[in-house]
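Each structure below is given as structure tokens.
Note that chain A is present in both complexes that follow, paired respectively with chain B and with chain C.
Moving on, here comes the complex of A and B:
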């Protein structure tokens, strides 16, 4: 399970203030903290309050600050292609682009960008019409992304399809469709594309958020989820992933399996 | 349309172990499955050790004693002979410490080990008598006597790893970690030893291999699984593997049975050596790095095989 730490995002108050005040400390804190909590990538997002014109500079600052504090690659998260490219330009190592939809005009921007910067890319199984209801409609959009990546020479192990989970208190019927989508994504190409999801979405405005996140993550792993953008500052989530890695025969069991998962 | 040949892309590699006072022997370091040079680096050829006992072996068949006839009672001369026979390392087995044999003291064993180490210029593997408590006592002294020689000592088990690991750390040796054909226990033992701050690249895994016809497939699949784990990033399985092939192959009835007992099996000498050769080369394919052998002819034949396997097949 490739965990992408969600915390460096302007939607959170401390990061929003850090951006406003040019204070690197909260960014550094969360870079280090998420690194200690087994994150393999740091999601970096300016948040909606930064003006579009300022987003490239803010993204550049966030990526640099995060990478100075922790030896991790970033998942550069924006709806603004200029901000994403600004982040890619200063990024060290192999970045991840978050994200393109299955709209052709977006894929035409982001997928060549992934190829140019040798970055991985997240492809959302949705388009301008919104998030499809059924697994088969999600899969049709995922296939569009697979084909476009193939055309631009982006290898399948660099493509992370996100089947898009919606909050279970407003769109309860989507859960089973997402799980089915995860299963089918693995049949779209050989080698298969990878999968990811914004895990915390599943529990927006719900009670017992950690429990919902953790449960859905494990269910999704059983269906082929390779990665998740998640709140990694959650010991029980990490323990559950460690146990799932054993049960799915991804890690080799030993009595210290919780500890060895943390030490990776 | 051009065919794209699928190659496995591994993300990690096996740790590299360095042995000998002058760091003369290196093992491990592979970033691909055994001999798949086209998928990664195989930087070090597997190495071959020949056994020396510190007392005359009682249960060795005559044909195995024959190449060492004049040195069986003299471990120093025997060790030198092993080097002449082309062994990359000498594996000294301190069998005299066994309560059923001479019950030799740790001090006596330490003196023998020191004499052998000083007599040869290849690195030393030192193996205890197999009685766990005795081996713990043994390596406190033996480890000290060999300080600075950068030996590989063992075998450490769940019961005695603490003492042996401590002796290795203080005196600069590496340790053989033994677990009975069980990948989960092997991993756990490696974790326990590294938690004592022994660097991971100073551990060799001994999965307790069986000989051809005697469970070779169990050890093979465990080694294969461990190697794939290592290449996928499991640091607690990313150690070179040591295979005690000689002790197993020469226990097989196919190796021990004399010419006249089963004439249809062919001449014992050829058959026994072949048993040891096939067991060793099989485990080389499973990812073994260090082979502890008994017959000099085996060393010769396995070397020919390994040289061939080390030729690059990259494309």
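Moving on, here comes the complex of A and C:
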């Protein structure tokens, strides 16, 4: 399971203020903290309060600051292609682009960008019409992304399809469709594209968020989820992932599997 | 294995004409991948595309047969790089070569026929006799092929790169589906013609992997064995690995079994080389030696490598002796799961105890599993005690059972009429148990 730490995001107050004050400390803190908590990527997002024109510079600063503090690649998270490219330019190692939808005009921007910078890319199984309800509609959009990546020579191992989980209090019927989508994505190509999801979405404005997040993560792993953007500062989540890795025969069992998982 | 949507889409005409009833070619590809549509619904798909899609659904390594009848050898149909992922399907065929310059071919073949060994209660043998055209003479080659064929039931591998010599030999041996070895860049057409004429499998040899792939595509024939041309063991290992790896990724030209040659003049080196080839995907390995001492370890290795890792390995259920047991020796009861049996046997041997072991047939499962599954019962133990005639070998009437199934002792004692001693739970405790408790 590739865990993408969600915390360096301008939606959070401390990061928002850090961006406003050009104070690198909170970014550094969360880069290090998430690195220690088993993150493989750091999601970096300027948040919506930064003006569009300033987003490239802020993204550049976030990527540099985060990578100076922790030896991890970034998952460059923005709806602004200039901000993403600014982040890619200063990024060290193999970045991840978060994200493109299945709209052709977006794929035409982001997929060549992934090819140019040899970055991985997250493809959302949705388009301008919104998030489809059924698994088969999600799969059809995922296939569009697969074909476009293949055309631009982005290898399937670098494509992370996100079937888009919605909050379970208001869109409860989507959960089973997402799980079915995860199963079917593996049949789209050989080698199969990878899968990811914005895990915390599943529990927006719900009670017992951590419980909902980790339960859905484990169910999704059983359906073939390879990666998740998640709160890695959640020990119980990490324990559950470690246990799921054992039960899915991804890690070899040992009595100290919780510890071994964290020392990787 | 089903095709993926992407593989299908790449072969479609991409006209988005909707003649198939789907809004786009991509949507049609998805329907095909999920089995909800069939390819003939598209009027515009080319024959080349049809063939590509057909062959993509074929198994990654074709099944190719050599010989006819009871001794026929089938190779290929492999699906994994590592046996623990699933299992290796068709054990490497072992061929022993005879030269057409040998003075007494029938005598040499008689030696090969004797390379039959009993391993864990089963009979295992070499599979093929290779005839090499060392003389360069066509008539001599045909004569040798005849001499070999008349003296063995094993299928033949005919080794000559001269089409004229091969033609002569096939006139003699062609009806028995021999392996033609083989075609290369200079004789490809003639050799493949001969193979087609006799409907026999043929080896394609390339100077390297690139040439091999080219030649396979040029051959236009499907009963093939592959030879990358490499002869040094490190190079063969690399090529064998590439061929299997690419075949599993559905690179069609490498989707055939391979042939390798372990012909190092030093017999020990040849055996070690052949061991590498057996472990690393060789369809056939050709040896020059017919010495049973060279062949037995390879037969054993092949047996081990090609066992199914998902099935428990069982030892034969019969009376075993450890050391030189006399009439006073203790009798241990266990199950025929090989891990269990060898634990017990090893601990008895390490304790320098002369003893008898009775591994009851539990379909190869352990003592506690066998007990829970009703396969390790007082009835079955009694039956085995009676059938093996252990009573005639010892002067006492005492059985030692594993401590884990102590509850069986009463019933077993009643049924068998033997006194039942409950041993330690772990076989490591056997030596001290014997010291303290055994006085027959």
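In the analysis below, the second predicted complex is superposed on the first by the 264 of 264 C-alpha atoms of A that agree within 3 Å, B and C clash if a C-alpha of one lies under 4 Å from a C-alpha of the other, contacts with A are read in each partner's own complex, and residues count from 1 in each chain.
We adopt the following convention: contacts are C-beta pairs under 8 Å (C-beta built on N, C-alpha and C of every residue); 3 or more make two chains touch, one makes a residue touch a chain.
Quick caveat: nothing in here was measured; it's all calculated off a predicted structure.
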For A:80, decide between first (touching chain B), second (touching chain C), both and neither. neither
Quick check on the superposed pair: does A:150 touch chain B, chain C, both, or neither? Answer first, second, both or neither. second
Considering only the touch criterion stated at the top, classify A:189 as touching first (chain B), second (chain C), both, or neither. second
So in the superposed three-chain picture, is A:139 touching just chain B, just chain C, both, or none of them (first/second/both/neither)? second
Is A:256 touching the first partner chain B, the second partner chain C, both, or neither of them? first
Share the list of chain A residues that count as touching for chain B in one structure and for chain C in the other. none
Under the touch definition given earlier, write down the residues of chain A that touch chain C in their complex. 139-140, 143-144, 146-147, 150, 187-190, 192
Of all residues in chain A, those that touch chain B in their complex: 157, 191, 251-256, 259-260, 263-264
Sort out for me which residues of chain B touch chain A in the complex. 6, 9, 183-185, 187-188, 191, 225-226, 229, 233-237
So in the complex, the part of chain C that touches chain A is made up of which residues? 2, 4-7, 9-10, 26-27, 29-30, 33-34, 250
